[in-house]
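These are the structures in question, set out in turn.
Next, two complexes with chain A in common: one pairs it with chain B, the other with chain C.
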Partner chain A sequence: MTSTTTGRARHTVAPSRAGLRWDRFGLPSLLLAPLLAVVLGVVGYPIVRTVWLSFHEGEYLMTGAFNGVDNYTEIFGDPYFLAALLRTTIFAVVCVVSTLLISLAIALVLDAGSWVARIVTVVVLLPWAMPRVASGIIFKWMFNDQYGIANWLLVSLGFEQFKGYAWFNDGFASLVAITIAVVWHSVPFIAISMLAGLRATRGEVLEAARVDGAGFYQQLLRVRLPMMKPLLVILGVMSTIFAYQSFDHFLVMTTPPGGPSHSTEVLSLLTWLQAFTVLDQGVAAAMAVVTFVLLAAITAIYVKLSKEGA
Partner chain B sequence: MTRKLIVYPAMAVICLVALFPFFWMIITSLKPDTEIFTVTPQFIPHEPILSRYTELFSGAIPRQFLNSLLVAGATTVVTGLIALLAGYALARFDIPMKRYLLIVILSIQMLPQTVLVIPLFTVLRTTDLLGTYQGLVLSHLALTVGLATYMLRSFFMDIPVSLEESAMVDGASRMKAVRLVVFPLVWPGLAASSIYGFITSWNELMFSATYMQQSSRETLPVALQQFFSSYYSDWGGVMAASVIFTIPVVVFFLLVQKRLMQGMVAGAVKG
Partner chain C sequence: MQRPWNSALKAITATSAAAALMLASACGGDEEAPAAAGEVTGAIDVWMGDPIGAAQQPTIVQLAKDYETAHPGTKVNLRFLGADAHKTYLTSIAGGTVPCVALIGNTWSPEFAGLQALEPIAQDPATMKGVYTQSMIDSTVLDGVSYAVPYDTGVRALIYRKDLFDKAGLAAPKTWDEVLSSATTIQKDNPGVNGFGIIGGNQWYWLPMIWNWGGDIAVQEGGAWKAKVDSPEAIAAFTFYSDLLTKHKLAPAGAATWQGADASKAFALGQIGMMVGGSWDLKTILAQSPQMEQQLATAPLPAGPGGNNDTFAGGSNLAIFKGCDNKATAKSFVDFLMKTENLVPVTTKIGLLPATVDALEKERTSGSFSTPLLKAYAEQAPSTRSIPPVSTWGKVEGTGAIVNAMQAIMNGQQTPEAAMKELASQIDAAIGQR
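Moving on to the complex of A and B:
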């Protein structure tokens, strides 16, 4: 086999001399062409187009005249948008922190690694498969004021004030119920990824720490979590983006969407309503661009933090 | 021993929390109204009924179910094909600017959907694809190809190059070597990215609600969301519709969960 590999091709298959050019340029381009077509057509173009639209008038989903930064001055002067921006950020922080902590706890429990743990691992991932629309509906039913199981449980535990408590009549209480539904849905993926990360930290270093007498928490905080830092950063970014993008649960669980009286409006829902209910795509595009820039900035901060500590 | 005393009860709690919403959805769908609307919940229906399901099946649900199946199926197949080809190319060839290409592919996953939803609406409207299966599949590809390609690339990288080389030394063309030697080994990766694509497409609401609303081709998430807002107090019916909506993904998931876990583990560990 070594006779066929030329000096430069260590990870690639060495082509015959005649097919060299085809193999180095033609074939890979051909293989990548469909992906590039999709990436440019349904991702690249829309991004450029959204940025472009955000500087134009756009009533009734028709592109109008260039209007400079009018759309941006409009949204940053709009108290509902600013409230939604703040609300989404707080919601995201609560979601990310609880998702990461719960996921870590679950991963540590499953790290025990018996056959029982293997079955539980599958069970843990199951909520990820449930459609978000369905889980939103189910959680809304569980938080029903008269017949919901959540109120029944709370009253049985002695919290009498929850008898007939209407979660969705109030913005804050709605957000609590929605947060629970969203975290229930986002934990599985993160927990299983963390489990994989924890398993990968087993080995000589951990063994050395154990021999040196490190306890469970010392092993976790001083050895395993630092080793998992790159993964934790990725999971942090992912769950932040999940949370900022939450749409389905809000559309299903609040009536009218974003209500009562705008108290549960978040960025994605507000943007969508602005585009397809208010029918002003210029302003909606500006909102989308703000979200995009915000998420890019958050991602950059995460990446920077992960590099500094390492 | 003390460790087990913590771990097993904790596992029980985890299972309870993970499974209860599924259980409650199914139970509620089987209860007559008199048993649903009780202040003290009934955990087991006394007189289970199936009439909600027969009612749903005589309505628009079968059609919407097929619509969803068609869209999610097509998205899965197309995603798999694109990711298979691109994943192989990214694993095996020295492509100029490969690093940046990989970053772009991964960052697609991070895009807010609201950035895409407006221009895609215009694109679909001008190409007459608004409200068609092809249009919705196209929009779903934006959500699936990035991670699927990345997953498959990591699976290809796990397969030693020497396998292909020895097949080629034995006189096989690259295509033949790949088809006979590499593809059989990359099946788990294809399964993992397929289930990912299927679940993403099946569950997707924002694009579906925007592009398929006024159409007999509307998919289940849209139908369920509309059903829910119009039959607000019919909790039993809504739960039955949710069960129908949930079953296919859960079944598909259970069938390939092992592969999926491998795919996710590969993604997580290699980052």
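Moving on to the complex of A and C:
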């Protein structure tokens, strides 16, 4: 602290070259240093460590010898991993598209804004506050073949074939149930963020569009959504990461996790199984690195898309 | 002004030092100096996970107090781990912070021994013969050395609706063929009742059928383990179980993913005529519907074409960790816990059988397992086997490979032959290499 004040004092008296450099780089670096250290420690180190582990043997969570790309050859030679890679990607696309569309619809309703909407806003946030494991268990009950409300509802609506229908006997049906649960859980946050974005687009531009005779859809598609583009990109990235991260629902809702017979295995679940039941941290780290690279690439594409339009 | 950088550097060095330390201790777990022989004094850490839950903890706490009173100068530090015990033990082994004494699942014993984490109990397991249930002794052995003391054991038996069986003039089935015929009759006679409680999501309810059909899960050939689940016997056993669901429709379709609790619930609701279930399942059923006590009965498991009705011996073992620095006290505490008068109150509270032959006999003839409903479990206890005692068995169990194979057969995704062949290669990959 003492040196800071002397530095500043020197600056006001006679701006020497050294003093200028200190102000430009020295002081900012000094002030950023603690934060950088924390970031390096909690973000940088684990990433570097994971990459490093992925090139080593890691049975029983003990780091063994360097084994080159063996872990990567192993996972890319495993048909179940490749299937999970594809499945996770399709699942993520479905999740992101439906999450964004449903969130936008909810945000528009809330934005239409009477006092009722303001109360509803709070209610809409509630699913977000729920622990994912708890919502997973509840959705599993809702889709129970014997006592579940989903089958009851479908049968009441006249779909007799859903009487005693076992959702979790089949990979596709399980994924439908899990997607509904995951989307239900991720919509609130995205919807509230979109509401904030929509609120910010109110004002002169929208007013001008209205005066020019733009209808609701024209206002939305030509004015409001383009204005929200930076936000939409961030929300897109976030919900993509959220979808790739989905783990709790898969773990809780399927028996065995990823079953029946491998049909709901996703990247996060396989990584977890490798790390904590097969106890092979090398292979698990390789899977984590693949997911990381994939997500980084997707994020880069999002960012590029947002820049192109601007 | 260099201070923040210094602290950052320090933080980084500290992190890597901690990591290095963890690695060092992980690799160096077996280099612990042997405890000074002798005196029973000082403190020991004792960890217990499931099945020691909230209901059993007071009994254990009391036993620890009794021990401290009987051995002045000792202190037993208890820690209860609950259901997540397996991971807690593994991280503690990797981190080098193990307890002295631990109650571990019997299938984990070879695994932890393989990690060089456990202190040998008997160099020759034959010396334990006759003292403990044989299958439980088998579960403690790795490479001819026993690494744990069998503590409690849980077996499954047949739970059935005696009222419905009596009405149809049927007796408890003695073979799996009789299971099929009587389940079909019960289901036909009683609308709304499913003949047999399939539990597709949990391998322990049907994996032993491979033994009943005369097959094996894996055998040791020239020092290495070789999976035998693709043998005709094993394929026939899995096909038989799958057919109960898919061909004979003796359970709801969703039973392909049922766990024990799902079948128990359905049984308690009166929707199941018969199921394979442990004494804990029986407890669940009676807790959910106490009036059913008059309607149900238990019997030893049915035999298969192989001529036996062997089932899996579940349970827990007491182990002493190599990293313990007070092994004398640890050993004396284990001996204390294994005394029949200290063992039986705990196993009774859990609802499982004690794993010593003496205590088991006492429980069967005059103890809590002498009642008509529980007797079948005590009778089943000698007809048990253990899973292949290989340190890497956890890989087979953890990935759900066995359940996936059964479900692939049930869903028709794979032919039984293909599913079992794939399972055999998965088991070989997990336990084959040494």
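Throughout what follows, the second predicted complex is superposed on the first by the 272 of 310 C-alpha atoms of A that agree within 3 Å, B and C clash if a C-alpha of one lies under 4 Å from a C-alpha of the other, contacts with A are read in each partner's own complex, and residues count from 1 in each chain.
Heads up, the rule we're going with is that a residue touches a chain if its C-beta (ideal position, glycine included) is under 8 Å from a C-beta of that chain, and two chains touch if they have at least 3 such contacts.
Note that the coordinates shown come from a computational prediction; the quantities given were computed from them, not determined experimentally.
In the superposition on chain A, contact of A:Gly203 is made with neither chain B nor chain C.
Contact with chain C, but none with chain B, is seen for A:Leu279 once the two complexes are overlaid on the shared chain. By the touch criterion defined above, A:Leu125 lies against chain B but remains apart from chain C after alignment on the C-alpha atoms of chain A. By the touch criterion defined above, A:Gln146 lies against chain B and chain C together after alignment on the C-alpha atoms of chain A. Number of chain A residues touched is higher for B, counting chain B against chain C. Applying the stated contact rule after C-alpha superposition, one finds that A:Asn169 touches chain C and leaves chain B untouched. By the touch criterion stated above, A:Leu61 is placed in contact with chain B and with chain C alike. Contacts of A:Gly215 after superposition on the shared chain: neither chain B nor chain C is touched. Touch criterion met: A:Leu40 reaches chain C, while chain B stays clear of it.
In the overlay built on the shared chain, the residue A:Thr255 is in contact with chain B and with chain C. Within chain A, the residues touching chain B in one complex and chain C in the other are 34, 38, 45, 49, 61, 63, 144, 146, 255, 276.
Considering their complex, residues 1, 4-5, 7-8, 11-12, 15-16, 19, 23, 26-27, 87, 90-91, 94, 115, 200-201, 252-254, 256-259, 266, 394-395, 397-400, 403-405, 407-408, 410-411, 413-414, 419, 430 of chain C touch chain A. Looking at the complex, you find that chain A touches chain C at residues 3, 26, 30, 33-34, 36-38, 40-41, 45, 49, 60-63, 144-146, 164-166, 168-170, 254-263, 273, 276-279. Interface residues of chain A facing chain B in the complex, by the touch rule stated above, are 1, 4-5, 11-15, 19, 23-24, 27-28, 31-32, 34-35, 38-39, 42-43, 45-47, 49-50, 53, 61, 63, 105-106, 109-110, 112, 116-117, 120-135, 137-139, 141-142, 144, 146-147, 149, 152, 184, 188-189, 192-194, 196-197, 200, 230-231, 234, 237-238, 241, 244-245, 247-248, 251-252, 255, 267-268, 271-272, 275-276, 281, 284-285, 287-289, 291-292, 295, 299. Across the complex, chain A is touched by residues 3, 7-8, 10-11, 14-15, 17-19, 21-22, 24-25, 28, 36-41, 81-83, 85-86, 88-90, 92-95, 104-105, 108-123, 138-139, 141-142, 145-146, 149, 161-162, 164-166, 168-169, 174, 177, 199, 202-203, 205-206, 209-210, 220-221, 224-225, 228-229, 232, 235, 238-239, 242, 245-246, 249-250, 252-254, 257, 260-261, 264-265, 267-269, 271 of chain B.
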